[in-house]
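Every chain is named by a letter (A, B, C and D) in the order it is written, and numbering of its residues begins at 1.
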């Protein structure tokens, strides 16, 4: 219950004669806009001129890191594909041609249209092979072009490695465990699905 | 006018009467189309007659025929169209045609005044009220004419009666035909008003000799009392209109209640 | 063009058409529109007469007619709005009953 | 023979040519005033505005500051799908935009562009037509402008469009009255209805522009022009926040473009009209080449340029106001017209008549003093009437009497 003494009676301000003809307000407003007309503009000429990205950990387009020998760092463990909430990562593993790891991704595709840029893949990756870059101008002329394959993702690394260095360069391989011959492709596909 | 012309005029009136009767709302669609065709042919006949009558005078005869045809067509549409908005818009057409006729007759001020007052103010108000009162297109009120046969008879008999006297106008007397200039000058002198071609005393005319200046001079010299009364009348009408509409009027008929949710979109009876 | 007859006939036609409309239509607004058509006929005649007599009195009268038309439109439309509020219809026959 | 006839009809031929040029230039001007609108809107909001669309790639990556934008916009409008909704009143739906655009264009016929020009032996008016009733013609054409909006609103068969149409009718009818009064003040002061004569009356010896003589009438005309073109702060008929788009909600493609362009064409016509009535048309004092005696062809071009420049300045003012002021509420709009502008106009008329009666309609010092007096009187009267700004008081219940001083604003 609201008590009488709690009611605040707000008197409307009485306007002066000039104010009732809207004259001072209009003059004020016109001056404000006039000042802004000649002010320095806040926006930039975007494609030629880019703003410094204030947020360092911006989650933009993905990249696939290379190790120090220039090979793809991914070991095709399917952790990222499993972690992905929208199932936009498609990996096909194959036997690695290099001795220091079991598998490598024969095919690694990310549907960037489907991706929600949550960064879960980056969190899940045991070798820090997949990372999100600060690149935000993701454009293409068709849906097909928005499906990034391995080459393109590696190329993204080449473009952005100076912008954002790889987080943990010391992890380069995946320790081989047990029998390398036992992993069958069928299992891999099951995991991916 | 020769008697042949008069007879043809009467025939055209009869045709026009039939056309209006057929075209008035309430009839079949085919009747309305027939009415339109009859009406257009009557108008065309009138235009041809007028052109024949005026032939050889000067080029403005052509304009007269076209504008008169437009005005008559528009007037016919005003009274026969089932949608009031279209009636109002066709009336704008009539006003424009009549205004151009005025301009043709060197009454430029009146022509423009017609456009400003009629087309610009009165008709807009009409459209405003139509839109306020009748938002959903044609209603049952406009679907049927009231006593169309009698109305058409009365109207067109009046028309014929007026036109039957047109033959006795001074413009067709032999004296006028023989010496039009002298007769006109005599008439002008008898009226005591400076003729168009000879403006009055120059010192009294601050605006020069344009039509607007002359009409204004006439209004503010000879008719100044009448002009004041007209102004007073306008003021009274303004007050009266405000007083009429400001009152909260009890409705004789209750407004239809909102339909139940399932029936929204179906036809709602007027009361 | 000095001949008066075509103008008189045109005026008569407009006037008569307006009369037909006034008598036969049931919508109040269209009835008033019809009276405006009659005004047009009269104005055509007045100006033609004035031109025929080589003076401006016809035009002066037409100016007064314009005033009357404006007055009529204002009051008539006020009335129409009033009547429409009462009966919720524009039908003139809704008011043909004189019992009050 | 044709050549002789043409020489005899020099003014007619010149008028036709001028009409072609003027309509062409004006359509271009309309397109570019839309670009200007977007630019100024952006600058006022500290943005850069459209600066990309250039002309093909003829000049590499040079963008021409976005000057190609209107062409791209026009192309877009042409190529979009032209939808006529099912339930509209089709003839009126098409008639609406056509009306408004035609009305906006024909008003241009009587605007004087550059005095007179000497071509051969003929002294020609740089004006499409110079009728006795030039001013009345502009008024008459302007009064027809409301039909486009009303028809569009009515025919759309849409409640919002309909409200827009209703508002437009009431607004334009109301603001035509003070506009007529303001124009009448000029007519009384100069004693002319021909627009060219009105321009000439502002440039004799000791004559000044009408804005110096009658600043209040000029103010009145500017305000009513804003209302007649339904620009902010008077853009009630199309208020986006309340009516979606008002009368043009249902329109698309070229029909919408016609509404859109007609708004700017109206603005240009209105600006030209204002410049002729109050700012001396093509005239600038003391500048050689811009005086009535200069009839060379280059003087004509210079005069037309000056006129166009003045119109452009007025357009910038229109746009500047639009991006400054918020929209008035409808009752405020009506109150401003009927209780503010109409009495002001009547006072100005009475004053101008008085000046005419004492025989000094052109004495600008005295008219200026009179204007100040009228303004002071208006403000004084306003100060005497209690303020009812919000209109909220009308339906408010009686407030309880204040028993004690409020404890705190926030309350328990």
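As a working rule, a residue touches a chain if its C-beta (ideal position, glycine included) is under 8 Å from a C-beta of that chain, and two chains touch if they have at least 3 such contacts.
Model, not experiment: these values are computed from the prediction.
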Looking only at C-beta pairs in contact, point me to the busier pair out of B-D and B-C. B-C
What whole-number Å value describes the gap between the mean CA coordinates of subunit A and subunit B? 73
Distance between chain centroids, defined by C-alpha means - subunit C, subunit D (Å): 34
Centroid spacing, where centroids are CA-atom means, of subunit B and subunit C in whole angstrom: 7
Which residues belonging to subunit A are in contact with no fewer than two other chains? none
What are the residue numbers in subunit B that touch two or more other chains? 109, 113, 121, 125, 132, 211
Pairs of chains that touch, anyone? A-D, B-C, B-D
Which residues of subunit D touch subunit B in their complex? 89, 92, 95, 131-133, 136-137, 139-140, 142-144, 146-147, 150-151, 153-154, 162, 165-166, 169-170, 172-173, 176, 191-193
Give the list of subunit B residues in touch with subunit C in this complex. 1, 9, 16, 20, 24, 46, 50, 53-54, 57-58, 60-61, 64, 68, 71-72, 75-76, 78-80, 84, 87-88, 91, 94-95, 98, 101-102, 104-107, 109-110, 113-114, 117-118, 121-122, 125-126, 129-130, 132-134, 139-142, 144-148, 150-152, 154-156, 158-159, 162-163, 166-167, 169-172, 180, 184-185, 187-188, 191, 193-197, 211, 214-215, 218-219, 222-223, 226, 230, 233-234, 236-238, 240-242, 244-245, 247, 249-253, 255, 270-271
Of all residues in subunit C, those that touch subunit B in their complex: 1-6, 8-10, 12-21, 23-27, 29-30, 32-34, 36-37, 40, 43-44, 47-48, 50-57, 59-60, 62-64, 66-71, 73-75, 77-82, 84-93
So in the complex, which bits of subunit A are touching subunit D? 2, 4-9, 12, 14-18, 20-21, 26, 29-30, 32-34, 36-43, 45
List of subunit B residues in touch with subunit D within their complex: 85-86, 89, 92, 108-109, 112-113, 115-116, 119-121, 124-125, 127-128, 131-132, 135, 137, 206-207, 210-212
